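Next come the structures, one after another.
Both of the next two complexes hold chain A, though its partner changes from chain B to chain C.
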Partner chain A sequence: METLTVTGVTKTFGGPRPAVDELSFTLGGGEFGVVVGPSGAGKTTLLNMIAGLVPPDTGEITLDGASLAGTAPERRDIAMVFENYALYPHLSVRRNLEFPLRAPVRRGTLSRSQITDRVTQVAETLRIPHLLDRLPSQLSGGQRQRVSLGRALVRRPRLLLLDEPITHLDAKLRHEMRTELKRIQRELGVTTLYATPDQSDALALADLVVVLDAGRAWQVGTAADVYERPANVTVARTLGDPRINLLPGRRDAAGVTVLGQRVDADHGPAGPVTVGVRPGDVELSTEPLAGAAAGRVLLAQTLGYQDVVYVDVEGATVRATVPAGIVARPGDPAWVRLPAARLHVFEAASGQALRHREVV
Partner chain B sequence: MRAAGWGRRTVLFVWVLFALFPVYWTFITAFKQQVDIYDGPRFIPFVDFQPTTQAWRTLFGDGGGDFFDKFANSIIFSGVSSLLAVILGGFAAYGLARHSYKYGPYRNDDLSFLIVSQRIMPPIVSVLALYVVFVNLRLLDSSFGMILAYTAMNLPLTVYLLRTFFEAIPVEVEHAAALDGYPQWQRLARVVFPLAAPGLAAAFLLSFFFAWNDFLFSLMLTFNDAQTLPLYITSLNAQSQPLWWLISAVGLVALVPPAIVTVVLDRFMARQVLIGGMR
Partner chain C sequence: MAAPQSRAAGGQWHKHLLLSPPLAFFAAFALFPLGFTIYVSLSNWSITGEHRFIGFGNYATILASDTFRQSFLNTVVFAVVTVLLQYVLGLTLALLVYRSTRGQSALRLLLLVPMMFTPVVVGFVWKTLFDPSYGPISWLFDRVGLPQVPWFSEQLPAMAAIVIADVWQWTPFMFLILFAALRSLPTAPLEAAMVDGASGRRLLFDHMLPMLLPASMTAILLRSIEAFKLFDVVYLMTGGGPGVKTSTVTLSAYFTGLRSGDLGTAAAMTTMLLIVVLIATMVLLRLLFWAGRRRSRADDAAALQVERDDVPDPTEAVDAPVTTEVR
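Our next item is the complex of A and B:
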């Protein structure tokens, strides 16, 4: 159970802004941390720095209280699962799994039979014993992913890094592997840091979420923290599917004005604000509604269990989720009401949160 | 067998006849006597002419001392220089594929071009300068000099060829090996070189052929001790009339080492098919 701390870590590759900028967080021993952010956010750079493949410019990374600076990657005992799996193509699955156990740094620590036992054990955990004699080129994407995970786990690393391990799997397999990952991580109790562009991975898996964008950590907290109480617009935008509505508004002593409607929320000094409201909190009606803004349906998509309706209100597009089966055709009139208790309010210029949605 | 199959076979058969005829001609010439060679074309042994092993007895008998020396020279120079070119070129190519160099305004691609440009120029342009260098360094007609010359001649080729092979190996595979507990040299030995084996084999093969078939360097930079097989063959031509039977016999022997090298290395080159799908 090794605690990972990242303190003030910065890395610049010569671009206009740092790839990773003054990043700090602490991941407790045995916890599952998820770094979520779009491509180019600096996720891979962060993992590479923790792994020792890329040296940070400044800042400190410690594992179990000891600084990793100056420790070569092969001596860190950190395992990583790569986005493209990075299996050894010239070695069979069995040899791939044995590879870390036969490494020079572990010479003499395991006997031949112990290595065999470990490989058998991890193959069973990952349900791949029947694939042991194949070459990576003879495996499907999902199978390669399992072998890659097995190679990372077989030596019981101090820290497990996962770089978008399931991004390239198809949707069904992705859900299956996600559940599987959680199960295995719980069973082994290995401290895990998982990088993904998929916000649903973060909400489903994480004990700790780090929202990363443009190299900066915009919020660090539990899944509930970052989803229910986003510290700023970037975090609100990153988490939730369909995405949160972010609408221009004004705040004054009487409340907030948004979509031309006055909402009795967040009284405060006057100024422009950004109002955030989750599509599920938007009240949508095909009949006129008290305190609602009038608009027109742009598009309706069904997700099966619910529909996402896009409504144009005074030039702004509002996304609302409604139970499946409510018929909304493009061009239909629609009324949108934003319940006061459900609004997030952010300062317009800085994007900092002024007020959070009340949790029921 | 389908009709198309027969058509293809016929075409291939004709082509093989065409391609192998010079080898056949060399082969039978090596068993001819002077009279059979100069007295019109004779095609079929035992029918057109009576084969004789005269050439072979000269070669492997008392007249063969020179031949064995040159043959050994050719094998040693080609083998050692190709090995050196693959090792040195392999490291250079790995560096160019994996690290970013900066010498003044020059980057990896400039360095790569600089190296390859050494081979763009026809060797005849540089061989005179090389001759002067060899005279001053007292390398003329020495084994060391010839190995040096062939290594230098083949380095551009191996660097150029191997760089693409190393670049085709995903860097994550090396990163994985690092995290799995393998230091840099072990990563090269256990992961990078095995994956680049087809490239290393191809680079060795081509280097070997170039060195084996070289005539110009040997002509300019050797006169006796360090002479190679091509020069020896030419010397058989330099008397009152060409000794075709001897030339053919040496030519046949000269085919053997490249053929062996090809057969041995072909297995490594075929591994590429097996590996596939590295990304």
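Our next item is the complex of A and C:
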């Protein structure tokens, strides 16, 4: 159960801004950490620095209290699933999976039959036993990804790094693998850091979420923390699907004005604010409603179990989710009400949270 | 549909017509000399021009000749030893330059210099360097206190001198191909191997070398074909001597055909060499093909085939695959 700490880590590749900028967080022993952020956020760079493949410019990374600086990648005992699989092209799937167990640093720790058992077991978990004698070039993308995952899970590393390990799987398999991954991680009790652009991975898996964007950690906390109490607009935007509504508003001593309506929330010094409200919290009606702003339906999408309705209100687009089956056609008039208790309020200029939605 | 077919056939015919000039050149400059050489090897053609078909007589003669057998053995020894040394040295240099962080381009250029000399110059320079009385190497041996080596008057030292000269000239070729191949290796599997616990020697032997296999085979193949035809350096440095102890097949053919005027026997010698080179090439090509196929990406058709062969997971039986429902 190794604790991972990252303190003030910065890496610049020569571009105008650092790929990873003054990043700090602590991942407790045996915890599942998820780094979530869009493409180019610096996730791979962070993982590479922890694995020892890229040296950080400044800052310190420790594992189990000891600094990793100066320890070569092969001596760190960290397993990693690479974004582009990085399978050994000249070795069969079986040999790929065996390699970490046969590597020089671990030579002699496992017997031949133990290695075979481990490989068989991992292959079964990942549903690839029938592929063991193929070469990586003979596999589909999703199959390669599973082999890559297997190569990391076959040993008992001190730390497991996963760089978008399941993004190339079909939706059904992705969900199964996600559950499976969580189960394996629990069973092994291995400290795990998982990088993904998919916010639902973060919410489903994480003990600790690091919201990364443009190299900076915008918030570090539990899934509930980052979802219920986003520290800033970036975090609010990253988590939640469909995306949170971020609407321009004004705040004064009497409350907040948004969509031309006065909402009795967050009294404070006058100034522009950004109001955030999750689509599920928006009240949508096809009839006029007290305290609601009038608008027009732009588009309705169904997700099966619910519909997402896009409503144009005074030039702003508001997303609202409604139970499936409520018919909304483009052009229909609609009324939108934002309940005061459900609003997040952010300072307009800095994006810092002033007030969070009340949890019921 | 006769019309499109005849059109296609007409197109074929045109193609052949358009291809005929290069084909004629090929016939004139490659096939004719080959056929002619084989014919000469089966006759008692001499430099005076008289000739008569004598079947395999020349072949019987050379196979029974100690000189030819010695030359043939030398040719094989030279080819194997020089190509192996060139490969090992070329690979070592490529790895060193690959790892070096500074002066890479200068090193690269410098290492290619020997290849730019003509073999005649190389032979002459190395003959001078090894000269027993005034050559710098003998002087160096003397200074360091090593015994004098009779470089050109005994078989082993003479062969060593030839090998050194040839290796000096052609190692750059290996270096160039292997260095380019190293540079184009995918880095991700090597990084993965490092994270998985491989380093240094293991990384090299378990991962880099297998991934370099196709490039290695290509370089070895090209060099081997050349090495079997070794002539200039030997001719200049030892002239095949002492006696015929460092002679090669090409050298032997040259002396027999152009010096002694026995063209038939010389042609038989070169034909023998051709056959050996052909066999060696075929074996190496086989290996190359095999190495390449192991790595090549399966094309889409193959990949689809592979997908269909997948053993369905028994636990997934509940959700019948969509395809079976359609059928």
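The criterion applied here is as follows: the second predicted complex is superposed on the first by the 357 of 360 C-alpha atoms of A that agree within 3 Å, B and C clash if a C-alpha of one lies under 4 Å from a C-alpha of the other, contacts with A are read in each partner's own complex, and residues count from 1 in each chain.
Here is the rule we go by: contacts are C-beta pairs under 8 Å (C-beta built on N, C-alpha and C of every residue); 3 or more make two chains touch, one makes a residue touch a chain.
In this text the structure is predicted, and so the values were computed from the model without any measurement.
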item	value
Room on chain A for both chain B and chain C (clash or fit)	clash
First, second, both or neither for A:T179, with chain B first and chain C second	neither
Touched partner set for A:S67, first chain B, second chain C, both or neither	neither
Which of chain B and chain C A:A79 touches, first, second, both or neither	both
First (chain B), second (chain C), both or neither touched by A:L135	both
Touched partner set for A:A103, first chain B, second chain C, both or neither	both
Touching partner for A:R127 - first (chain B), second (chain C), both, neither	second
Clashing chain C stretch [against chain B; choices 8-16, 44-52, 134-142 or 152-160]	44-52
Doubly contacted residues of chain A, that is, touched by chain B and again by chain C	51-53, 72-74, 76-80, 82, 84, 86-90, 99-100, 103-106, 135, 137, 151
Chain C-touching residues of chain A, taken from the complex the two chains share	51-53, 72-74, 76-80, 82, 84-91, 99-100, 103-106, 127, 130, 134-135, 137-140, 151, 172
Interfacial residue positions of chain B with respect to chain A in the complex	170, 172-173, 175-183, 186, 191, 194-195, 271, 274-279
Residues on chain A engaged by chain B in the complex (per definition of touch)	48, 51-53, 72-80, 82-84, 86-90, 99-100, 103-106, 135-137, 151, 155
Interface residues, chain C side, partner chain A - complex	186, 188-189, 191-199, 202, 206-207, 210-211, 213, 294-298, 302-303, 306-307, 310-311, 313, 319
